[in-house]
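Consider the two complexes below, in which chain A is the common component and chain B and chain C are the respective partners.
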Partner chain A sequence: MKLYLGIVLLLLTAFAKGDDEKAKIILVKRILNDIITERNDLAIEYNLYNIGDGVATDVELADSSFHESDFELISGMTSVKWSRINAGSNVTHAVVVQPLRAGDFNFTSAVVQYVSEKGVDVTFGYSNEIGEQEILSLKEYNRLHASHMMEWGLFALWCMPSIDVPLLLYYLSKRKYSKKVKKN
Partner chain B sequence: MTCLNCDITMTKSEEDEEPDVISAHKEAETAIIFASGVEPSVLAGKKASAYIHFANKGSSNFIITSIDGSFRYPQDFSYVIQNFTVISPNKMIDAGYEGSFQYEFQPGELSGGRSFGLVINVNYKDTEENLYRDAVFNQTVQVIEDEEGLDTETFFMYLMLLGMSGLILLGVFHNVSGKSRRGKKRNTPSANATTLNKVQLETGTTNGPVDYNWIPEETLKAINKGTPSPRRSPKKRANKQRSSETE
Partner chain C sequence: MSSLKLFLCLFLAYCVNGQSCIQPSVSPSSYSSTNQKLSKSTAFVVEFSLKCASKTDNLQLYADIDGVQFPVTKSSESEHYQVSWTVKDKKTVAHNFDVRFFDEEGYNNLRKVIRSGQSPESIKPLFNVDFQHPGLSSGFWIKAEFLGLAVAVLVLYVVCRERSQIIS
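Coming up: the complex of A and B.
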């Protein structure tokens, strides 16, 4: 009897082990822009990697860090749902926003919730934190990265006297003396 | 998140002076995946990304204080060859929650073609300030040499070859043209010097006979007599006078 029970227990644990295929989701949040500018598009990418052995179901990604007072949503959704993410696969989601204000902004983590295996409570996971990033004002952005046509034009204008005056002098003298040569 | 201390130096790690004091908590699970997949593909001089999963299965909260990575000597993992920049997320993972972290590191440019022991540690503490460390990755990896892009060494080699070939070409050209010019000069009879219309390079009286048309008659006479040209130095005059007085 004891032996029988033991075998049953062993089988049970074996089955339990077989069923123990848990999903594990890594959520990586990433800024795709090199420069973040006020009133310009800012693309954010979310990568969900299911590194577990099981299927993740009812996956829900939410990012509450882009509040309406600071950001305007251009395209995409800050809250997305997937019914399942298979083991070993990954999903990418992107959002485009426009920062409304310049200054330092702390990009905090997004949250993912999913059911890692059947009959288990929802698992909550945080993404990585990007941390504080500087949002440049338009004025500062133009100062650093614009083509500066106006400035260069002015520079050319101010350069003119120092080039043109010697040229004029040269031209005058050349005309004067080449005439004399002709006369001779 | 750039690599601040990319120098490849051999230093004995300080952490190993107190081995096995800090270990992982039983109720915390870590996992890692790289941007290239489960197996890291590390290119020398290029940034590599690792994504770390931290699951808190216990009942106490954990605070991830820092994540550090390093290259170790494959035969002896206590020798640190290169330390990578430490990130300090300072992120609290509550009981039952999970967290993801991104760790970027850049192997030194000279580390290509060799294998190193890659160690990535997650350092965390609980609310009672007990410190834990979990080596989320601890394996020997082969660092691949970065063959993309312009190699400065080969670039300067080609530049030097170009310069040398240019110099040789210049030398050959100079030699050939110089010889032909000299040959021409020999062919022209030096008697032509008498014709004034021809423009010639003046070489003095050393090579070729003297154009006697130009020499005044008195001088010619003096030369024919065989006496040196009369010098009008006062000393000589005085000598001459003295000799004439004695006579």
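Coming up: the complex of A and C.
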């Protein structure tokens, strides 16, 4: 009798636990770049963590921050879906864009929607908001971070007359006098 | 009778979930970030559109990249897939990636093989995509300032040598 009672209790706890098995997804949006510049690649990373006890199904991630008037999509998709994300696991998604204009830009949050358990309505979630970030102009970026080979090359060219002319005069006179010394 | 019903249910569940792609035709494209000045982290993206001879409405794909498995993302609108991963705050060197893609059945077999300690190469992928990452670099290997300094030091050395010859 005790054994039966034990089995029944175990089953009840199993079912009770089954009812609580709900998925919960946390979405983190992150800029991978240290410097954001106009006409240079900008990589955005999305991390989805399922911190719930259940499997999240029909997971859809959408980010409408990158309008085509401000950004050019280089690689990746801004609206994607996973059929399932298991409990305790995480997935990564990345998108690469190029900003078309310099200036401050407000990077808003991405949206995730998923089914947290069977027979339940779709759950919506938002990522963190990165906020306003400065997009450097290409001219400013080149001034600060380019190799400046051209500028140094031109500087060397401009220095040449002041170094080479005295050097040439010196060599001419040296050759002349060394010949005289040899004759003597 | 009940066991027959159970079998039918299981079979139907397998048909719905365990879809496979027969004769896959893939058109891939890949991206990896290379400019170290912009970012110390590297983002890798492999995109492809997939066409199968069989019906694949609910196809779930997995990618195996250097022994690490990732679920493949699908576009909300089209038969376009993407797998992406990142390497943070570490300089990545030039590397040729062989990204192997598996369907649900292949992925389960792969997990079994990895659990049993066997080589994952023994499981044949559905298809694979090769791509070359040129490595994270910061452009020219020497800074222009150092080059300028080196030339100036060379000129100074030549002048000093000539001067010392005249004096002696």
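One rule holds in what follows: the second predicted complex is superposed on the first by the 163 of 184 C-alpha atoms of A that agree within 3 Å, B and C clash if a C-alpha of one lies under 4 Å from a C-alpha of the other, contacts with A are read in each partner's own complex, and residues count from 1 in each chain.
The definition used in the following text is that contacts are C-beta pairs under 8 Å (C-beta built on N, C-alpha and C of every residue); 3 or more make two chains touch, one makes a residue touch a chain.
Here the structure is a predicted model, which means the values were calculated and not measured.
K.L.:
Once chain A of both complexes is superposed, is A:35 in touch with chain B (first), chain C (second), both, or neither?
P.N.:
A:35: touches chain C, not chain B.
K.L.:
Now for A:26: first (chain B), second (chain C), both, or neither, which partner does it touch?
P.N.:
A:26 contacts chain B only, not chain C.
K.L.:
For chain A, which side has the bigger count of touched residues, chain B or chain C?
P.N.:
Partner with more touched residues of chain A: C.
K.L.:
Thinking of the overlay built on chain A, is A:147 touched by chain B (first), by chain C (second), by both, or by neither?
P.N.:
second
K.L.:
Using the touch definition from the top, say if A:134 reaches chain B (first), chain C (second), both or neither.
P.N.:
The answer is neither, since A:134 touches no partner chain.
K.L.:
According to the stated criteria, A:92 is in contact with first (chain B), second (chain C), both, or neither; which is it?
P.N.:
Second partner only, chain C.
K.L.:
A:49 in the overlay: touching chain B, chain C, both, or neither? Say first, second, both or neither.
P.N.:
First partner only, chain B.
K.L.:
Under the stated contact criterion, what part of chain A meets chain B in this complex?
P.N.:
Chain A reaches chain B through residues 24-28, 30, 47, 49, 51, 109, 123-129.
K.L.:
How about chain C: which of its residues touch chain A in the complex?
P.N.:
29-31, 33, 35, 37-41, 43-45, 47, 58, 60, 70-71, 73-77, 80, 82, 84-86, 88, 139-140, 143-145, 147-148, 151, 155, 162
K.L.:
Can you list the chain A residues touching chain C in their complex?
P.N.:
Contacts found on chain A: 32-35, 37, 40-43, 45, 60, 62, 74-77, 79-85, 91-96, 145, 147-149, 151-152, 155-156, 163, 170.
K.L.:
Would you mind writing out the residues of chain B in touch with chain A in their complex?
P.N.:
So the residues of chain B in touch with chain A come to 31, 33, 38, 51-53, 55, 89, 91, 93, 96-102.
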